[in-house]
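Quick heads-up: structures coming right below.
Both complexes below contain chain A, partnered by chain B and then by chain C.
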Partner chain A sequence: MMLKRVLLGVVLGCGLAAAALPVDGRAEEPKVGGVINAVIQPEPPGLMLAMVQNGPTQMVSGNIFEGLLRYSPKLEALPGLAASWTISPDAKVYTFKLKPGVTWHDGKPFTSADVLFSIEMLKKTHARARNNLAVVEKVEAPDDLTVVFTLKQPFGPFIGIFEVGSMPMVPKHLYEGTDWNTNPYNNAPVGTGPFMFKEWQKGSFIQLVKNPNYHEKGKPYLDAIYWQIIPDAAARAVAFETGKVDVLPGGSIENFDVPRVSKLPGACVTGAGWEFFSPLAWLWLNHRNPILANKKVRQAIMYAIDRNFAKDVIWNGLGKVATGPSASTIKFYTDDVPKYDYDPAKAKALLKEAGYKGEKIRMLPLAYGETWQRWGEAVKQNLQDVGMNIETIATDVPGGNQKIMDWDYDIAFTYLYQYGDPALGVSRNYLTSAIAKGQLFNNVEGYSNPEVDQLFADGAVATPDAKRKEIYDKVQKILVEDVPVAWLLELQFPTITKCKVKDLITTGIGVNDGFRDAWLDK
Partner chain B sequence: MLSFIAQRIVKGVIVLLAIVVLNFFLIRLAPGDPAVVMAGEAGASDKVFVEQLRQKFGLDRPLPEQLLIYVKGIASFDLGFSFRQQAPVSKLIAERLPATLLLTLSAFVISLALGILLGALAARFAGTVMDTAITVLALIFYATPLFWIALIAILIFSVWVDWLPSFGYETVGANYTGLRHALDVGAHLVMPAATLGLFFMATYTRMTRASMLEVKRLDFVKTARAKGLRDSVILRRHVLRNALLPVVTLAGVHAGTLVGGAVLTETVFAWPGIGRLMYDALIQRDYNLLLGVFVVSSAMVLIFNLVTDLVYRLVDPRIEFSA
Partner chain C sequence: MRQFWKTMLRSPSGMIGLVILALAILVAIIGPFYFPNSPWRMVQRPFLAPFTVSTVPLGTDALGRDVLAGLIFGARVSLLVGLVSTLVALIVGVPLGAVAGYFGGRIDDALMRFTEFFQTIPSFALAIVLVAILQPSIYSIVAAIGIVSWPPVARLVRGEVLSLRTREYVQAAIVTGQSSGWIIWREILPNALSPVIVLASLMVATAILLESSLSFLGLGDPNLISWGYMVGAGRTVIRQAWWITVFPGLAILLSVLGLNLIGEGLNDALNPRLSREGR
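Up next is the complex of A and B:
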């Protein structure tokens, strides 16, 4: 087991180093041509990224559509459809110069009018974009290749909201004046990206082909991508094993299969490409339950859970024990916070102090397959070991979501993306203003602390970054002391590929950013 | 006979309507709706977003109104629109129907033919090694979970010996045509059809054997033997034909479910059929699509029940039609 872990660590380490290479300077000359077969799971409901924002949609459509910017693994902004940008000294005016000569897949030119239209459309169809754009006072297009955003107030993370999934550009000439819900281009999307939509046989595959007029000369290198739809995790592993697919994006196979598949001849693994999303797993603790409203009980839960066991055994050594509300890969993270090492004795003592007498606590595991089921069992065992009376409630995903939205739970598993910046993906889970029944992913635990509210409000608008860091350091300390939720792990979803697939992951958005740089070493 | 069929059709329509109404309410009892699912998948949800989705799906209207709209649609053969998949339900079902029918019909025909043959052999050689072997084999296939057989088949035939493809309906990107395409689809079909067929085959084998052994003891068989007929003739013309009635009943029930697809087999082998469509619709609370699959598969069950009754008459002319 130990040897396995060491090997996996080495493989992952090599993978990470390899993935970092293209960003700093390519070692090998890319070869042109070839076809990649990749797995997509589950089958996306649609490919129109402005209308559907689930994970599989972005993974496929990140090749078709593009955003104004891309982001490095360190989350620095990189040119996308915007060739350059400037920020005014008061940090309220962002001016983007669009790349000249960019065309949509149907040959029409991409201009600033498309950007303005996309923003208006996304405000109506894309919840996250709408929230991100709330700070924008006006958007103007002084000419065809310039877009100017004027903000109501400085907003630190603003430069981080332009990746393809957060703000995909939509062709105005195909959507303006149509019923967006039933627009035929929803099923045959037209973008500016490196690959064009060719065919979708529902239940079987989605085919994308090379965009010969792509604006980055010489790219993409591949002729086509087939996204294979294989609903069973074991069957996906076999498809890779038998050489029928070349790419297993993160989460394609069950975690317990990762070490085995990673060691197959010709398989390469990387944990890179999740820096922007930085998925962090935790337990929602419902503060409306008087037992969990007690800080000592919440701290006891943190001490009671053996998170290293979960990382090493359930997640096969992948990921990292979470230290607080921010993943270590996002901006302004600090580990200078109170620590909660596994200590059942301390947990028992805290529960005693809190006056807990074995009242029943309902726990909702996440219905995302075997790994999550096992994690639910392990946490239940940990909590029972310190004397808590835990009842597991089994649901499917929609049922679980409904219970969380209705605040009808005591403890519930979740994992959420952090989108690179605490103002985008962290504060939403702790602000008093984010307590709203009937919604997911906000402050569903019901934690409220005016000091935290103020610090998050200050952190979002403060400049420069050093000032922001100071504020976020403080808020992380308070939150970790208060334990509004029980943080578990920074998750890692390794991408497994055939080693002949090169430069697949070159940005902090990974496979979701399209295959423009990928090539096959034939 | 015509009045029998007419009466059965009228009864069938009433039953179908009852099924629609029941299912309509039943699937709404499950917690979570399509808006919740899509908000969950989007990784973002605010009140406006969820309400917009509910409005789009028509879920903001009172339940009786939603039902009325749906039933009106059904009456004009309109199964509604899947907002999740952004396509008419009838189109989505029609797309998957050929693959499902190919799989389930192949499995059905193979299992019925082999099942009856093996059952008859076991009954003919009752008490011998052959009988024991067939019975044990049937028991194994009957009792082993389908997905396990499927995974072991993949391990042997795809991973170890690499004879057969492990997933899909055809080789994606090969663009085969004509005979080459047919052979390609056939190669993809072997494992899923055999896996699904083995279970049904085991059922038919056991049923045929038991039924034949029972019929063999009856007086008319003794009479036939007394008349000097050969054993093979007695078995074929007298015993088997009379023993087939329960098998026909069972086959009728199975035939009705063919259109509903085979969720497990289709999932393990990534076969793009209706079973998977239904499963995905359930997980995604895609109400219209789920109801559409239910309506089509229920209608098929009713039709095959009627056909089964007609086949009874062919197998046993003593049976009279009465609605």
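Up next is the complex of A and C:
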């Protein structure tokens, strides 16, 4: 099944069979109708995807809004609102042909004017989109169904920035000339997606209903989705057990509970659907601390941490030990880098060489629940075992974020999305130019290496891909040798569903745009 | 004094309480010598059921840490927090109550309104807020528990002092020109002490419960293992591994029960007339 999906993605990605999904190629014929209850955790702050980009917002609104492209689990571009696209030989002109006959939920047609408006709006409201679009010189719409992006210079990852959460299409006729922050449609978003917003009872549920005029004929199959808001992790597990909910998206329940819940009768579990995000967990090591500024200490930390233990015990075997700055699922990943296996003796030796004398190091765990708390305890114990003097700082999420933004930490847990390409999701964490106080992402650790800066700058614009690969291979080697941060695991957030929920995860974005294809086997 | 011990020893509940507390203190003091490893160390495979491997008789938790070692090190934290925070509450509450009761009038009014200000706020909620603001650490927890537990002490002492200061021997002391501080310290407080001791023993129990509740909610000192933390950490896996929560839960139950029994025994011993009348 999975293989078939991947193959399907490859075929579609090549743009060969873009028009029709070969339904007969599937194991089963989708059935129409039915209602699915899914957990959303935590409750999103808003649903207007162009204004709010929290994880839960993306998960709900990715089914209301759409982007120009979708991405296969292998991260090849798939048609979305754009039916086809061409790239000029000099890699500077991207021409998108929009799908004809697409309408907004209120019946107005979706045209290239909406695309141009969305881009202007996102540049102001969506920090990541603004960065991604920085390389764009101009966007034009020669006709209603054509959009042409002209870049200042070739930008390898450009084709990867059109996912719904990264660049959602916004209805121009409802937003143009209004105050975006107070626009009433923020509370009842109107998109082009397979589901329409119906109702949001704060603290209880969000209801989406089928878009009868969806541009993909016959889809969606479901009549409605209820996103249930249940604040307690144990209660969410119980809701799944009792059949109140059918879908537990990644991170809905504690990892300790995953094996038990997965084994319940009628439960299916998959780790797929996070390829585009590829969350990678690491420890920020604050280079402003003279002890951690020493490369040997940082390497010692890598050797001291038993990451296989963390994977097997804390994450219940899910995920993968990280080899370096890139997750293995994103482009230009290489594992041809120095390796840091669990080796306390080597860690001790390195600490001794570095002249570490038991100075106190503060560690900031991530206050995202049990799993992260346990992980903090395990890492602390690992580091204490090699003679480091670690003090855990207790904090809540906003408090911890503030400390990271103020650089007021020595070691801090985090995990960040990679967005499929090193130029989009990796380089930002190591570039000297990305050091700035007051940010939670980007270069928080304070690492600065001119050679790395240069390589990342070259890698972003180099063509063709073989050249990019060469550059990224080199930069990964340097980074892994330098250990600017201590990479822990490539996280995998298993999605648990009732087995009667079919084809929920068909792309590299997973549940975030998955309900388009999902159906219920009755 | 001999009379006190006699009554204490004769009361079976007091004896049971004393034995439990003595055991807990013994464990807290000498236990760590038998368990030189940190209770945070991952020693065996996770979720090992109790009584299966002799090196970890009470099983292991979600990370493979020894539950028994956690109990022993946790005893230190729980007892320490219980005793020290009670001491803090006494240090604040006794002088306040004594001054209010002895001087009366406006001073009394002012001090009692101040006390009531604290009493109107639910103590656990206040403790949570204090610990959250001060950042969870052993010091902030002791301070928070002390701050929320002194008002009953102040009120009790004030009541006792109010009645004692009208006695002849106190009047006599006033007439002989002794200073107020001296009179409170030498003449009144020693006679007001018995109910305070009884209250204090119960307060230690309450403080242990408060600390456990705070740790359970994740507001414990992250660098120290405590029973409440163990219960809180094991709560989510209670269906897979009951022992992670049950053993520290039992430890909390027993020590709180022990302290309550001691309080009862003390009450009997220190107010012999009251208890005999009661029977």
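Assume the second predicted complex is superposed on the first by the 496 of 522 C-alpha atoms of A that agree within 3 Å, B and C clash if a C-alpha of one lies under 4 Å from a C-alpha of the other, contacts with A are read in each partner's own complex, and residues count from 1 in each chain.
Note that in this section a residue touches a chain if its C-beta (ideal position, glycine included) is under 8 Å from a C-beta of that chain, and two chains touch if they have at least 3 such contacts.
Just so you know, these numbers come straight off a predicted model, no measurement behind them.
With both complexes brought onto chain A, simultaneous placement of chain B and chain C is permitted, the two fitting side by side without a clash. Contact with chain B, but none with chain C, is seen for A:Y226 once the two complexes are overlaid on the shared chain. Contact with chain C, but none with chain B, is seen for A:A394 once the two complexes are overlaid on the shared chain. Residue contacts after overlaying the shared chain place A:D179 against neither chain B nor chain C. Of the two partner chains placed around the shared chain by superposition, neither chain B nor chain C is touched by A:E29. Shared-chain residue A:F256: touches chain C; no touch with chain B.
With both structures placed on the common chain, the touch criterion links A:A234 to chain B and to chain C.
Superposition on the common chain A brings chain B within a closest Cα-Cα distance of 7 Å of chain C.
Put simply, chain A uses residues 234, 395-396 to touch chain B in one complex and chain C in the other.
Within the complex formed with chain A, the residues of chain B that make contact are 30-33, 36-50, 52, 56, 83-87, 92, 95-96, 99, 151, 154-155, 158-159, 162, 165-170, 172-173, 267-270, 272-273, 276-277, 280, 283-285.
The touching residues of chain A, counted against chain C in their complex, run 233-234, 254, 256-257, 260, 309, 313-314, 365, 370, 373-374, 376-378, 380-381, 384-385, 391-396. The touching residues of chain C, counted against chain A in their complex, run 38, 40-42, 46, 62-64, 132, 135-137, 218-223, 233, 235-237, 239-240.
Residues of chain A touching chain B in their complex: 35, 37, 42-43, 45-46, 52-55, 124, 126-128, 130-131, 181-182, 186-187, 201-205, 207, 224, 226, 228-232, 234-235, 238-239, 241-242, 244, 395-403, 405, 416-417, 436, 438-442.
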